[in-house]
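Right after this note come the structures.
Below, chain A partners chain B and then partners chain C, in two separate complexes.
For the complex of A and B:
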């Protein structure tokens, strides 16, 4: 299995551990990722608020490079995925738009190369059974709420999962030996850049999600978006202080949980880059694995 | 109460509706005002007008009121409204289009949010990728809030999560050309 790989800007900065864990996990699963050489920013989330054509043209350049190679593109970041998917569909559905975009990017893009969410690739192309057979350190007794965020499964017509009650990440957690915990905030928006540009609006949105996750009794949150991660992890103490809460709720990229379950050393997955301490969870999983090994 | 000349107001309203329909590809007239968009909107608590009210203003052609609202800027583009609309109206796309029109007309109710997006795109045009540290520093300086979130800086740098210098891609001429070509076609960037 081979895909073009589009990490996007956040994965080389604030979300660097998402990039690290994606590459490690893909390798361990036998999936080849060909990083698009000299890829450019997809414009999320500023281009589509400024100019529609620019919003389609920026992702189109990356998709065109993948198309030249005859590869679909695996995309970890939910926001990048949404912008790339919107471009792919608009180009494929309109000959006029295809010609306009190709003229603007000065490359050919026909919409043949598809934008795929990394979660979709793992769960639906490789499959849960295959993943399950490779697990050697199950996420035993780990209760996880899956936070898909707003963009991963929308719009519904283009999505790979249910837009209101998605299941793929929950099923993945189960395949990794963990316990998925149901909750009502799977696709609730975290406010994205609002926490930076207008915190009086962004912070209450983050607070609602963290409070809901805490109330389920889950041990941690799994996410698929670097901006969600920043808001829930980096800003967790800041938001907690504002609302008089101490959440102490670790947040993982789903790829990190996969890596741990596949037996990769957690430190190699970049988990020390988190803001909320995850060592308690890692210790708990190690102890469970140790008990199993000695049993 | 201000007097309105109905025939002229109606004609102007139809022009406005046509403009939004053309730019967004969305027929706002399909909205039957059920309010499901506003019930589910995660940002509605902070809006001066609900998404449903914005749709009504567009239907009536009361463009100035829609363009001056904070709502169109506070919309987080999460698509909850569009996902749930029983009439399949892409409300988020209408919000996006209204922001673009508002910016073109110089009517920006949330200047800092707008500044962020301008700086973001400037970074993409200059480097091919967004330079997050540069973006945040620029946003703080131009937004007159130099120390906002500054306490995250040292640990972000230590964790290797922020690069002091931008990563400029080799083929950046291609990205600059994309911006130039969009401008040639009338894009106001």
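For the complex of A and C:
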């Protein structure tokens, strides 16, 4: 199994541990990731607020490079994925747009090479059964709420899962030996950049998600988006202070939990980069594994 | 020498505002074969028709072109007109210079006039090729079939039976009654649904002209208007209807409990059961999939306790074939699968239910004896949230259409919540409130003003459980802010959708359905109960979402159509059908699968060639079934098939007139 890999800017900055864990896990699962050489910014929200063509042309260049290699593109970041998917679909549905974009980026892109969310690749291409057979340190007794965020499974017609009540990450957690905890905030908006630019709007949104997650009794949150991670992890103490709460709720990229379950040393997965202390969970899992080994 | 008369209609100003009608009439005089040409303000009106008749006589016209509106509008009018003027009805040709010309080119009179002239020229060329066609007749079987025993089917059957015709009602379920039997109260009068339905059920069951065939399905339909041969599968009931007295002892003693479909699975029934207490026939049926005897061979309690020996485990499905003159299709509707709305958690949260569940909760013979209680814990809910348009008017996840009944039944539900539960709150999330119907808007106004239901304009984005409450997030778009309601119960006004097997039945009987699998009426305004297949009529929600009054009205309308048909001994057939030129037909059979009405089969003919008798196959068109669509003429490689009145030669004459 081979995919072009588009990490996007977050994965080389705030979300570097997402990049590290993705690469480690892919290697461990036997998935070859070919990082798109000289990839450029996906445009994120800035481009599509500025100019429609720009918003399509930026991801199209990356997709075109993958298409030349005949590869689909695996994309960890939910926002990058959404922009790339939108481009792919628009190009595929309009010959005219395809020609315009190809002229702008000076490359051929026909929409043949598809943008795929990394979660989708793991769950639907590799499959939960295959993943399960490779687990050697199951996430025993670990209660996890899966947080998909607003972009990963949307828009409904393009998504790989139910847009309002998605299941794929929950099923993945189960395949890793963990206990997925159902909750109603899977696709609730984390406030995105509002936490930075308008905290009076952003913080209450983060508060709702963290409170709901805490109320389920889960040990941690799993996510698939670097911005969600920033808001839920980096801002957690700040938001907690504002609302008089001490959440102490670790947040993981789902790839990190995969890595741990596959037996990769947690430190090698970059979990030391987290703001909320995850050592308790790592210890708990190690103890469980230890008990299993000695038993 | 053929003498064509051309009559150009102004249609008031509908045509003459965009087309110079006098000029068209003048131009027509020069077309080959035209002996007379004139124009008039309203050709369809009495003086216009007289004008035509007079001209036929005085000018010795033998074929007529009328240039006016669409033939769908007035072709029958002008056919009758020239018939009474002494000509064969099929020696008429219409040029549509209204819908095809004046209405679409209102701003360019010069070119519209040229186009109208061309259309007339084509019609003249065609009418020159027209031949007199003679309608034949077919006998009519004086017996009607109603498929579906809900309120629409019952009403249609009663109306037909009351005129003295025999009607068979085929119902798939063990009892007639349909959806209306599940409903508690009816809007806008709040009278009890059962109280008005069950007398009708009894009437239809006791009517000397009606045969109820319950627990049965249509297996095959052959034939055509006046003579449909219908095979009905009578499913094995395992109970002898003649011997059974309906005492119910078997039901009491049956040890197997199964969730009741009628009670929306909120209550159990037995494996031998009647769907509801007022069922007709009020005699049980054994659900073989769940019956202990059929599953394991043990039990047989029902047979042992039956005082009349009516339980018969050896019964088998029975196929009967009957001939009918007309068919009324009244198969009803299903509910949309609301589990596609992940955000509402239907199926996940027990207290998120559909409107039909709520009807059963309201019903005195339902699972809660008419007390509104939560399915999860039996508590009486204080805050009930209603969400409208779940699956309706939602192209992204559901259906594009409006389900029409939900605004009213939700208003009814909200009223009943406020009436039955002290200090309760009824919140209704809506997109629009649509209440066009007699007494409907007044009912809605009472719901808000007198009963104090709280209507919130906006959609619900999420429902989740918190403790024993359901937290409902939505938007109040009038206030422009989000709302959050702690609800005890949420009721979804689910879309009405076509029956899952609607398409299958339509294909079997041979009529058309739309993209939503609702059955298509022959004309949305002027033929709302007919289908495109002669002799097949529609009633109730199988044609589109409908409430009870509308279903009943349509059922009575369908009954009138059936009676009109059955009142005759025989009926004339449309002569515009395919004809086979057996001399050039190779018998390849390409036309057989192409025909949407199964009107073509192959027959063997015998010919004498060089003194020897040779038999070979040729296509054979059943004149009763052929609807004149012309599909076969396109498929025919040797042009042996030709559609009368639209022959290849006639069409080509039109093309030549325009292009040469």
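What we mean here is this: the second predicted complex is superposed on the first by the 295 of 295 C-alpha atoms of A that agree within 3 Å, B and C clash if a C-alpha of one lies under 4 Å from a C-alpha of the other, contacts with A are read in each partner's own complex, and residues count from 1 in each chain.
We take it that contacts are C-beta pairs under 8 Å (C-beta built on N, C-alpha and C of every residue); 3 or more make two chains touch, one makes a residue touch a chain.
A quick note: this is a predicted structure, and the numbers were derived from the prediction, not measured.
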Checklist entry - Touching A:211, do we find chain B (first), chain C (second), both, or neither? => result neither
Checklist entry - Regarding the shared-chain residue A:183, is it in contact with chain B (first), chain C (second), both, or neither? => result second
Next on the checklist: Going by the contact rule set out at the top, does A:114 touch chain B (first), chain C (second), both, or neither?
Outcome noted: neither
Checklist entry - Of the two partner chains, chain B (first) and chain C (second), which one does A:164 touch, if any: first, second, both, or neither? => result both
Checklist entry - Looking at the overlay, what does A:193 touch: chain B (first), chain C (second), both, or neither? => result first
Next on the checklist: Is A:46 touching anything from chain B or chain C once the two structures are fitted on A? First, second, both or neither.
Outcome noted: first
Checklist outcome for this item: Between chain B and chain C, the one with more contact residues on chain A is chain B
Next on the checklist: With both complexes superposed on chain A, which partner does A:156 reach: first (chain B), second (chain C), both or neither?
Outcome noted: both
Checklist entry - Touching A:237, do we find chain B (first), chain C (second), both, or neither? => result neither
Checklist entry - After superposition on the shared chain, which partner residues are touched by A:54: those of chain B (first), chain C (second), both, or neither? => result first
Checklist entry - Taking the contacts chain A makes with chain B in one complex and with chain C in the other, which residues are shared? => result 156, 163-164, 188
Item to check | Interface residues, chain C side, partner chain A - complex | outcome: 340-343, 345, 348, 396-397, 462-466, 471
Item to check | chain B residues touching chain A - in the complex, by the definition given at the top | outcome: 23, 42-43, 45-46, 74, 76-80, 82-83, 90, 96-97, 99-100, 103, 110, 112-113, 116-118, 120-121, 124, 128-130, 132-133, 136, 139, 149, 152, 155-156, 159-163, 167, 169-172, 174-175, 177-179, 181-182, 185, 187-189
Item to check | Sites on chain A touched by chain C in the complex | outcome: 156-157, 162-166, 182-185, 188, 212, 215
Item to check | chain A residues touching chain B - in the complex, by the definition given at the top | outcome: 9-10, 12-14, 16, 38-41, 43, 45-54, 57-58, 61, 100, 103-106, 150-151, 154-156, 163-164, 187-189, 191-194, 196-198, 200-201, 204-205, 208, 234, 272-273, 275
